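Order of writing sets the chain letters: A, B, C and D. Residues in each chain are counted from 1.
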Amino acid sequence: MSTMRTVKVVGYHEGLQMREAPVPEATGPWDVVVRIGGAGVCRTDLHILEGQWAEKSQVQLPYTIGHENAGWVHAVGSAVTNVKEGDKVILHPLVTCGLCRACRSGDDVHCENSRFPGIDSDGGYADYLLTSARSVVRIDDSLEPADVAALADAGLTAYHAAAKAAKRLTPRDTCVVIGAGGLGHIGIQVLKALTPSRIVVVDRNPAALELARSIGADVGVVADGSQVDQVLALTGGKGAEALIDFVGEGGATSEGIAMLREAGDYYVVGYGEDICVPTIDMVSNEINIIGNLVGSYNDLQDLMALAARGAVTLHTQKYALDDFQQAISDLDAGKVRGRAILVP
Amino acid sequence: MSTMRTVKVVGYHEGLQMREAPVPEATGPWDVVVRIGGAGVCRTDLHILEGQWAEKSQVQLPYTIGHENAGWVHAVGSAVTNVKEGDKVILHPLVTCGLCRACRSGDDVHCENSRFPGIDSDGGYADYLLTSARSVVRIDDSLEPADVAALADAGLTAYHAAAKAAKRLTPRDTCVVIGAGGLGHIGIQVLKALTPSRIVVVDRNPAALELARSIGADVGVVADGSQVDQVLALTGGKGAEALIDFVGEGGATSEGIAMLREAGDYYVVGYGEDICVPTIDMVSNEINIIGNLVGSYNDLQDLMALAARGAVTLHTQKYALDDFQQAISDLDAGKVRGRAILVP
Amino acid sequence: MSTMRTVKVVGYHEGLQMREAPVPEATGPWDVVVRIGGAGVCRTDLHILEGQWAEKSQVQLPYTIGHENAGWVHAVGSAVTNVKEGDKVILHPLVTCGLCRACRSGDDVHCENSRFPGIDSDGGYADYLLTSARSVVRIDDSLEPADVAALADAGLTAYHAAAKAAKRLTPRDTCVVIGAGGLGHIGIQVLKALTPSRIVVVDRNPAALELARSIGADVGVVADGSQVDQVLALTGGKGAEALIDFVGEGGATSEGIAMLREAGDYYVVGYGEDICVPTIDMVSNEINIIGNLVGSYNDLQDLMALAARGAVTLHTQKYALDDFQQAISDLDAGKVRGRAILVP
Amino acid sequence: MSTMRTVKVVGYHEGLQMREAPVPEATGPWDVVVRIGGAGVCRTDLHILEGQWAEKSQVQLPYTIGHENAGWVHAVGSAVTNVKEGDKVILHPLVTCGLCRACRSGDDVHCENSRFPGIDSDGGYADYLLTSARSVVRIDDSLEPADVAALADAGLTAYHAAAKAAKRLTPRDTCVVIGAGGLGHIGIQVLKALTPSRIVVVDRNPAALELARSIGADVGVVADGSQVDQVLALTGGKGAEALIDFVGEGGATSEGIAMLREAGDYYVVGYGEDICVPTIDMVSNEINIIGNLVGSYNDLQDLMALAARGAVTLHTQKYALDDFQQAISDLDAGKVRGRAILVP
């Protein structure tokens, strides 16, 4: 039995520690062991260390953190037909059962029997990770695992919401994006690829808006207090057909709803505050408020198809696996440009 | 020029008065004059008399009240091809333009240039009413105007929400209906006709639940404080795929959301209170909150097709037009069983 | 190792033979062994014996025939979570991979790596059958395996087409069903449960039409040469919004297309002849011709939900497994009323 | 009463003749008189002159030809609210009733009471044309009527089919376009704007394929007899998810169907030959054959939104109205590059 490096949560409000552990084996028929090529360092990891997920995940410490993973297939179980040793893959964040109603409908995110590596079981801050044939998506030869790993979580969430919105958007429609940060950055690229609608991006930061325009936004609106009026002015006073809120706090929800036209759709992605709407407004404006979780396995396949042709890209800042503490500290200190990635 | 009876709002916080007025003429090319066969007396009419609509409608007093109308075509304008004199018709509550984007998409309820007879212009507490070719729906020979008039407003609203919900409901799904009153009564019948799903009705009144079961509900749940638990128990702890809330006040919205399963749809029809949901719940449960206004002209056509085959019926209590004050007083006193209808 | 009875194809143009064989075991993790409660005897079985499937299936003789199966779970593999020993189940006709794009989308019928017990591997004319966790659907306590087994193939096909048609059918629409035989019988019941549209059934046999009316058809049209004219007359000269053709030969396709209105949908289920349509007619009438294969696993779940409430029933004629030859002979001789079922 | 120039069909198999006629007036409430800025010269016009439309259109000679029109609003009827004098507009080819079920559903192309200027009544080879408020679409300031007029027919047809196909196309899908001529040219641009799928174009002419690639096609396939094999090779042997056939003759339909994958969609736009498919193939491959007529009023609005941002462009060759005979002769002789346009 060979061993490997892993970075483990050993206690809440304590630092992560590197520990030696056995390399996982593909003993189950659908098991897939992946040699990690890149593991995203995510704000959720900071929250885990603060103990915010302890009760919900019920994870036993110590365990290996890291839920945004990509790499190469190292070993496969007896029943695996969709990947083989050596394949480059990105990992869907969930390991799902394949048998429940949700899984049988392609809506595997709502699987009734899933686990979540990096959250409730061993994740990808390691040399190797154990996952399932149902979670691996082959990526194009032109893509590198460390470049796409961070698309597995935030990117997939942004894709899911943007793809849902795209189903109703026509060339005459306007889609507002609130928040041109990490998720918004992906969301704008996805909207650009999937819809012919006008994309209006709202953010407090003029530099973020400039970047947004360079990747596909048609209009940037500075959130200086006049953002609702600006969006109404851009839409002839009627409001936007769809709005994706990647912020979800600091008043974004009430402003977002005020930017919607009659029969418009409000997509909730970012979270923090409560949405409060008078029922009379829901009825008289006949608007829809649409929740959005991370995307499905199919969504991840679609997102990787866009990535393969360069339609969706991500800025990354890479760290050696041994430098995990530096990456965590940089993220906490706001020093990471784009996404921090650990490379074993 | 012949004259007719009309019942007019002459002042807020005053009684209605019967006044003589000229019979309207079909001078415009799309005009249709309808001889009223029945005009529904609606709780909205009470609110109008209290002045609650004065600012919103900007209507000039005196004017003729009554927004739930059916009858016979009396005269048509030069361009009218869809009805002719003598046809039995029910009237869509809105007179729409036919040219705006909403109208061109079959979504005429969101017309940018509509009027609303009985609310912002002369309505149907009268012998005759002026409407448009775009608002008249021919009804089956087997139906009487006075029997269906009240379907034009509350019935059409219930149809619209139920038909939207029906699009996703399968034989394995559960649809919860909150409120077995006037709208719920229609909604249950429509769900029964349009979907193979299980229909669970929640109401405080056991007698209303018994009636609900007699018209198609599969299960009745008494809202005695345990209703959320009861619905969860009925759905294996998962909640319902869809829920139509015909109440919208007294805590119905938070209870309704608690009855939803992951990825479930909550249809808001009744109104009164605010909906308040943490964005994190919208996201983690990926639920949808869907506003519902009155149905479109197409919805009314569909509803009349159901009525023609007896799939949707309504209890009515008829009054002569001259007895308008009695009808209003009975409604205000809670003495009307089903819907009050004025018959000229 | 225990043994069981099986009925095997030992050669084409030869009779089936009963042979002893080992009871299959659940060695693979997703394996499910089912004790057969009923196995449908299908016209396809006659075609297999005539060698019509030999080249396509590439099956090695001898093998056990029987592709319409239901029974009780006898043993399960280590990874099976959706059924347990003793559960009453019906079997989807295909054993699918769960990993290909089709499987991941809920469209498992187009699985790229499926097998078809009874056609290309051992089927259900036996005491036990080996299938997969992905193929078993639990049925309601009120249903008996021998009563529903035949729904697994023809019934599922009819459900699939009718459910697709139901998505567009409104209370104002007409759906024509060509052929009130075995599939049509199920299709009519499914349409009745899923749609509010008018159901018009066309068949040569007045007795079949009478039966059709008793299970939900609104109108029966005798196919006496005037059927196209009759359907046009029933639809104001415009034709039907949708038509499901369970016949597909003897001129049904050209007659069916002539019964469609502009923008109408023609669902092909029965097969035999070629469909030939001038492209100019496809364009000027803007009609759609829609192919239909057997239903998905989800469709079978939905169909069983309808069966559980008595909304879909089937006439069966039962035979002991040992009497397999009698069942085959009766079917070939046209002596079976409803569906023949072997009961071990 | 002022007069204007018109170009009239005076007899079949005869030349067109210029005649003086009264300028039409907006006497009806929804009438719109348009000063023509450009009228497309279409192959259909040649067919009209050969008498091919005489029986179908029942038009009385002489009448003014020309069904692809754009210009400026000259006068409007009393009820017109969507355009005003001076507005730049393109004309939907049909003048529809606004009252039939199709019109009320946004599907105005299937209007039961429409007329077709240039085909069954006076068209746009003239200084002015009488149409309806329901047929005029305002175009962006940046567009010139003579540049977009030809989008009103062929362009709108291509848009309609491509937009229907786009509804199901994902980043992992392939859409094949057969025919890179006039319609295909628009179709490719629309697919590029509306879908993230790979676009594979099949044509006999390598130059046309080169042009196709320059406007958005991902792959060009020369139709040299190996085109079916080439498309299969490009799709891993499985075929394309969708195919739009702008040719419809010379074997295109059977080749197109052979290029489809299981559950694929075949869009018929070009016409000429018969489509003949064995019903068994429709069933076992579960494919769909989808007819396509010209687009709706909403489609034309969407297409003009794409044109306004330069996403859809058209090559035109302009002629003065007085040179109508030259334009017709050039078209007949194959000397027109792009579309011939008459400019009054």
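What we mean here is this: a residue touches a chain if its C-beta (ideal position, glycine included) is under 8 Å from a C-beta of that chain, and two chains touch if they have at least 3 such contacts.
Everything numeric in this text was worked out from a predicted model, so none of it was measured.
**Q** Taking all residue numbers at the chain C to chain D contact, is the shared part over half or under half, that is, same or different?
**A** Mostly same residues: over half of the interface numbers shared.
**Q** Identify which chain pair among A-C, A-B or A-D reproduces the interface of B-D, meaning that over half of its contact pairs, matched by residue number, are the same.
**A** A-C
**Q** Between chain C and chain D, what's the gap in Å when you average each chain's C-alpha atoms?
**A** Those two chain centres are 42 Å apart.
**Q** Roughly how far is chain A from chain C, centre to centre by C-alpha average, rounded to an integer in Å?
**A** Spacing between the chain centres: roughly 42 Å.
**Q** Specify, in ascending order, the residues of chain B that touch 2 or more different other chains.
**A** Only 101, 172, 301 qualify.
**Q** Within their complex, state which residues of chain D touch chain A.
**A** Touching chain A: residues 167, 170-172, 193-196, 301-303, 305-306, 311 of chain D.
**Q** Taking the complex as given, what residues does chain D use to touch chain B?
**A** 28-30, 79-82, 97-101, 104-106, 108, 113, 133-134, 297-298, 301
**Q** Note which residues of chain B are touching chain A in the complex, please.
**A** Listed in rising order, the residues of chain B that touch chain A are 101-102, 107, 109-110, 172, 248-249, 253, 262-263, 268-293.
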